[in-house]
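Have a look at these structures, which come just after this line.
Shared between the two complexes below is chain A, which pairs with chain B and chain C, respectively.
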Partner chain A sequence: MGFHQFGQACLELLTLDDLPTLLIPGVNSKKHQMCFDWGPGEMLVCETSFNKKEKSEMVPSCPFIYIIRKDVDVYSQVLRKLFNESHGIFVGLQRIEEELTGKSRKSQLVRVSKNYRSVIRACMEEMHQVAIAAKDPASGRQFSSQVSILSAMELIWNLCEILFIEVAPAGPLLLHLLDWVRLHVCEVDSLSADVLGSENPSKHESFWNLPGNTQTLTELELKWQHWHEECERYLQDCTFASNPHLESLCKIMLGDEAALLEQKELLSNWYHFLVTRLLYSNPTVKPIDLQYYAQSSLDLFLGGESSPEPLDNILMAAFEFDIHQVIKECSIALSNWWFVAHLTDLLDHCKLLQSHNLYFGSNMREFLLLEYASGLFAHPSLWQLGVDYFDYCPELGRVSLELHIERIPLNTEQKALKVLRICEQRQMTEQVRSICKILAMKAVRNNRLGSALSWSIRAKDAAFATLVSDRFLRDYCERGCFSDLDLIDNLGPAMMLSDRLTFLGKYREFHRVYGEKRFADAASLLLSLMTSQIAPRSFWMTLLTDALPLLEQKQVIFSAEQTYELMQCLEDLTSGKPVHGGSDTQQCQDDDIETTKVEMLRLALARNLARAIVREGSLEGS
Partner chain B sequence: MEEIYAKFVSQKISKTRWRPLPPGSLQTAETFATGSWDNEENYVALWSIGDFGNLDSDGGFEGDHQLLCDIRHHGDIMDLQFFDQERIVTASSTGCVTVFLHHPNNQTLSVNQQWTTAHYHTGPGSPSYSSAPCTGIVCNNPEIVTVGEDGRINLFRADHKEAVRTIDNADSSTLHAVTFLRTPEILTVNSIGQLKIWDFRQQGNEPSQILSLTGDRVPLHCVDRHPNQQHVVATGGQDGMLSIWDVRQGTMPVSLLKAHEAEMWEVHFHPSNPDHLFTCSEDGSLWHWDASTDVPEKSLLFHQGGRTSAFLSHSISNQANVHQSVISSWLSTDPAKDRIEITSLLPSRTLSVNSLDVLGPCLVCGTDAEAIYVTRHLFS
Partner chain C sequence: MVSVINTVDTSHEDMIHDAQMDYYGTRLATCSSDRSVKIFDVRNGGQILIADLRGHEGPVWQVAWAHPMYGNILASCSYDRKVIIWREENGTWEKSHEHAGHDSSVNSVCWAPHDYGLILACGSSDGAISLLTYTGEGQWEVKKINNAHTIGCNAVSWAPAVIPGSLIDQPSGQKPNYIKKFASGGCDNLIKLWKEEEDGQWKEEQKLEAHSDWVRDVAWAPSIGLPTSTIASCSQDGRVFIWTCDDASGNTWSPKLLHKFNDVVWHVSWSITANILAVSGGDNKVTLWKESVDGQWVCISDVNKGQGSVSASVTEGQQNEQ
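Take a look at the complex of A and B:
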């Protein structure tokens, strides 16, 4: 339920003018209608033969089907490093979650946040290098815009870290904000140089020299109050009246907004203005008061000339401590789910999302992670990262993974093994069976019976093992010899997987034993194959025919008892056989052969029985 | 084990190999090649870890590997070997075997020779032609032996257009890896847990010897021969088990060591210190096995990462050849004396480590997390 609301909220904020349009090359959209279909991360589009105005033509003019990908970032070489490195940080965070307790928890979470930010910065740096080295100006511009997007992401993340994760209280708050601005805006250095060169540098230094934070907030406020009053006195006494520069400097130090705004060129944006203003008018500002200063700074800086940009709205939402608004605005402004998914996950670990509106707050993290991971699965290579993200989505992660993992194309056995390992580690037995079955079928079709057997063993698929054994037996009947002896002779414990497979192994063993001229063992093995019911009925004739040479040997191999059993088998076989209608000559010939075989067997069995009885009788006698 | 440097390279790495050093050279390894997989465009690349002449203040360039050149490769790179100083042979998932030539003067790679239909299920002559991935390569100048999912073994010679010898249907299952024993003998491992020795001097299509594990026929994925003792072979299996075999004696392994939690992708004896063995696995770890008996009282330890359990299951071959003056520590029959120290070399668990290579004090490995790790101080 929560997901729908969230999606709906996103859609409401969009108007038709906001939606980007993409022209499909080669398709005349004015003449013909297009059809489309959604895929997991892509859309298929093609032209139809339906014409809007005139009669429909038989064939559409454009013969291509187009694949439209929404998420192009996933294909960027530089951003791939971001995805891979942040994956490691994400997984590490989930794993240490249980160990995060007490006081160290906050510092560990801050460390994770800094890790994420350093990865963004490294990516930004590399993208910048690529932009400089770009051969044509269009791609150079594209890379540069990517750099500014990454820079904005780092800016937002940094602010969120200060306000939500670090939860800086009044006092250190401004220091953090100063660092924040300093990191992102170079020009602030020149301004501070001006300020420090002013009349009261010593007062400045002693004021901001708080390494051990030995002063309390109240002491700080008093000191500052005292200094502020001194400045005001200087101004009112017109001490600097002679020098307009020093006078405006003094006004700046008092936090006079007009004076600050006069230096607008040095202040690159409104949040720079905000922080500078706070530095001089209210350095011990409390977090809850930030939003008022922020709003007025934004209004003053823009001065009604321009309207706020998306980045401004996001930062404003952060100053207002409205986490949900921050995430919502970021989701809309950014083309890829990476940023919001990771930031929301981190904020969730800080236990910040639960205290807010639970309506869809508790599901928001999972929604974003699912979206991000699904995007990864649409990429031919990055799907492996997506697996871990699904693992940490407690409600829908597993079922999403089950759906996605079966659809990964498997062009080599090694890739199939990796996918199978992922499934086995998560006890997804259904997926294991289905993947192994597909691979085994492919192997059988390519006549790789050993591979087919290997896949059925992995999936513990007795039915398929039976199929493979039937193939072997059929090959034997057709050719009179076994193929792939290296496999059948070395089945080992796998033989037990299916009855048919056991039969195959034992039958081969019979041939081997016979080849070694151990006739008595061969005979009892053959008999046990028939009496133990593991031999398929269709094969009984073959087995009995195999018994013929043993029956015809000079010495008596089958005992009387065994001969009786053989005769019983023969009778079972012949009595069950239906009488053929004699439709064609081929059928008649086959029947003739069958009858001859049966007669030969009966004769041989009878002779053997006679000899066996005589032998056993005479042995007993002597 | 000190610094190990990681670099994210935006492609999943399937193989990494050090370029061999000229014989008698005193240098350490400087260049390695990598192959990628699972991309829409895969690349074979050469990297260098040498100095660039401008170290920064804390010698920062020492570990960082830089790309020298790369070339597009059709299909996943399933195996990669250096044929000699300038030539690299690759096995592709399209069944093609390619020889690349490196031009050091302008730092480029080019295709030198190609056998496009080295491995296939149904042949190129038939209408339903379907190729099969080539899974393993071993080189011994001028010969190249390849094996594939089609169960076929090919013997190529560089600069010969056709295969010198082909053994069709050498195996009914997939052949995963191949290594030379004593030329002209090769050893292959397959997906039903068998080692087969083939002698190219013999005319037939049958192996001269078959060895296999007792118990479950676990597929074997990798094999490496001891550098000095050509009858000692190590294999890695799908269950992460490391097996040491003596191919002269019996048909069963000498030692079975329970190692990784998932498929072992590569096993390597150290070429100059063969008492050291390295394995890497789908479970995201790379282990260094130290069987050297320098320290008498070394107990079985497992370092790093909080894993405290120790693994050593040692089945003893009772036909030890006591006449041999140099008994390999891997085949030692005295469990009391025999201790193996195992160290995990990667700083944290990652996605699968697909490949590794060692040369001198240098080690390189590549992972599915699109990172290459290099260290130049293996034994410090």
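Take a look at the complex of A and C:
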């Protein structure tokens, strides 16, 4: 299973007869073309002339660069809640997957579905408030239209819940559909209330009072048949002949389509018509028969005057139990992937995608989740939600996360640490390394050496660690003290990352030990720094100068042998020195200082040697 | 679904030839026939000019951002035969290095994957390709491939870094032995694949022949963890080919024709996650393509230049009016 299989899913979803086209304003010149490049989360477009000529064109060119994005919904303040809360539901669903067994499975899945719907409703409410409070009519309209979209989403989801998840059997199916229509049809028209409130609904209610109802479907159906026949008899006997209104009512209750359609203005839409019709003509309709009633209801209601809208097509596909078509139509009609991604995931958990014989069943789920999650990464904080979605995409989730997470701008230390933690938790070592290197570089350029050093260590970047260590040492030479002592003192095994870093750590240790007056230890450490070759040659003079106070102590610290070694180092150092030209006064002064230092060292070493020999000679004797 | 979120007025006084977002999408670099390279801060829908870089003596054809781990570095190439590397130091952008090793216009610059170090490939109308490697302390080492393409080289594009399988956990301080490769397209109608040998020299590894006219652009697709390698190429002959190689075998590249356009195709470019290819043609269009399961490439959208207001693709409630 590979990347190419996703392509099929997208072929289904995205190939359109009319390609989505984005028009860019600009100088519409026949001589110029359009140049294009990708950013990490956007596209760049500008006018250009690809025919590279040295002389500039006389035709004016457009100096604008257009930055284009998809998934701009991610920036909506109100939708933010939708994204956040549905994320919680999504993750919860993935986690309880293991525990979903047996009879309770269906009810748990229904509960999840209802949770999603309540989140949509809450968002709708908030959006509605924002629309009312909007200061200018244009944005008010925009918010209102968003409310309609959310309402449509909830309508569709609800229907899918009834038909696909709840899988209401014949009988209760109509009840659910009644609720569904009641919930979504805002107008409570008086005549339909009348119709529903007339003589027989009470009988209806007792029939349909399912909790604790011990009647079987057949018994109910029989009762209904009996009542239906009674109505028909009344009509034929012209019982209501004198009252056309009542006659019309009777016809309606018999499910007479013409009679129902006469009251068309009271029925807000074709699915309201459908459900009403079913209520009176076939209340125990079976799910598989639903589509025939649906299609004819749609046709009758539209009456050839108008054509179905996208929403109608989606609902029709649902009545036909064509899940694939529902998803496809929704993907095209809706402006972001939120809806299809979450619904498809839920349906996948209901094991519906496989049973519908889509060979790329669960691939469809992953494809949609990947698209949705990628969109989240465009947002400065919602990207964190995206991480979890990628986690639950077994095929390409990991690699997608790797590609996206590297591109998150690391504006603050906090954000950087968050990103790193996510990468470390998933053993994305390459990304960790790369991010740490970026942060180390940033720190060096801002002269925060301690920070730079810890990032280099975390990145296991020896070269950079060497660079930073050099800077530390240079700083020490200039200022005579170390910065970031805590860090250097507690390097631990990280010290081994690079020779220069080891030297830095050990050199600092030398200073510490000396400060604690453990002179013998300090002395050996100092000597080992020189003899082990990890000290850069440029630093040797400093080290030897550091030895001076140890040589000048009352007691003898360096042994004779150690003194010999020091002398050797000094000679190595001075023999390598070129003779300076002497034209520059400053150079002359430097040379003088150098020479004086060397002289002092030679003297100190000689004296120490003498004392050491004497001391060792006496000790050996006793 | 798609809308314009920002319009940056570059104030370039002449034709723009390239625009590139930096790694994070926070900065935009542009270059123009007016000889300048400009850098803008485009965070949060804004546009602040950060730098107006002068140094080229002719139209500037391309710009390329280096990976942020090396700092803020931008390369540009121009008709003036030079490649300039610009660097931000202490908040200001300055010329950091100039490479003048070509005998004619340098048409294309491309940074290598950051794993290889800081390396820039440059393709020129003199037929040569030069590779600049940063060795530290402001020094750049140059390697030149002469006569890479007869008449001229129009484009260069690096292969993504593939971590060699044998090296799982590198001891600290040791660099893994990456096999560095890049592709180039030229006026000899060929696409060539180049590989760095152990001695550090670059050798022509493969020739990909399918175009009947100058190759204008090549783009090596980013890696999505699959063993296949993919390269897109476009040409004066109006064709765009997708070349794939199954890395198990190693060296067999097979072309598939994406589409034959009616006009020259100048530029191809892969999205960051490698699943969409953008193609800029000789007409006013940019088309987006995606691969389907049967291997066919499907056009999913087009971005058109035209007069009038901006409108997004028609979906409920998503009409943007300008």
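Note that the second predicted complex is superposed on the first by the 416 of 622 C-alpha atoms of A that agree within 3 Å, B and C clash if a C-alpha of one lies under 4 Å from a C-alpha of the other, contacts with A are read in each partner's own complex, and residues count from 1 in each chain.
Operating definition for what follows: a contact is a pair of C-beta atoms (placed from the backbone, for glycine too) under 8 Å apart; a residue touches a chain by one contact, two chains touch by 3 or more.
Since we're looking at a predicted model, the values are computed, not measured.
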May I ask you to name which of chain B and chain C touches more residues of chain A?
-> C
Scan A:S145 for contacts with chain B and chain C and give back first, second, both or neither.
-> second
In the superposed arrangement, does A:P493 touch chain B (first), chain C (second), both or neither?
-> first
After lining up the shared chain so the two structures overlap, which partner does A:G480 touch, if you call chain B first and chain C second: first, second, both or neither?
-> neither
Touched partner set for A:E42, first chain B, second chain C, both or neither = second
Answer with first, second, both or neither: which of chain B and chain C does A:L449 touch in the superposed model?
-> first
Counting only contacts in the complex, chain A reaches chain C at residues 2-8, 10-11, 14-15, 19-26, 28, 32-50, 52-54, 56-57, 61, 63-72, 142, 145-146, 148-149, 152, 310, 332-336, 360, 374, 396, 398-400, 403-404, 407-409, 430, 434, 437-438, 440-442, 445, 460, 462-463, 496-498
Within the complex, which stretch of chain B touches chain A?
-> 8-12, 37-40, 76, 78, 93, 121-122, 130, 132-133, 135, 149-151, 171-174, 190-194, 196, 207, 210, 212, 214-217, 219, 238, 262-263, 282, 348, 350-352, 368-371
In the complex, the residues of chain C that touch chain A are 1-21, 23-26, 28, 30, 33-34, 42, 58-59, 61, 67-71, 79, 89-90, 105, 107, 114, 163, 172-173, 216, 222, 224-226, 264, 266-267, 269-273, 275, 278, 280-286, 290-295, 298-318, 322
Under the touch definition given earlier, write down the residues of chain A that touch chain B in their complex.
-> 77-78, 80-81, 84-85, 87-88, 92, 380-381, 384-385, 411-415, 417-418, 421, 425, 446-451, 453-454, 457, 483-484, 486-487, 490-494
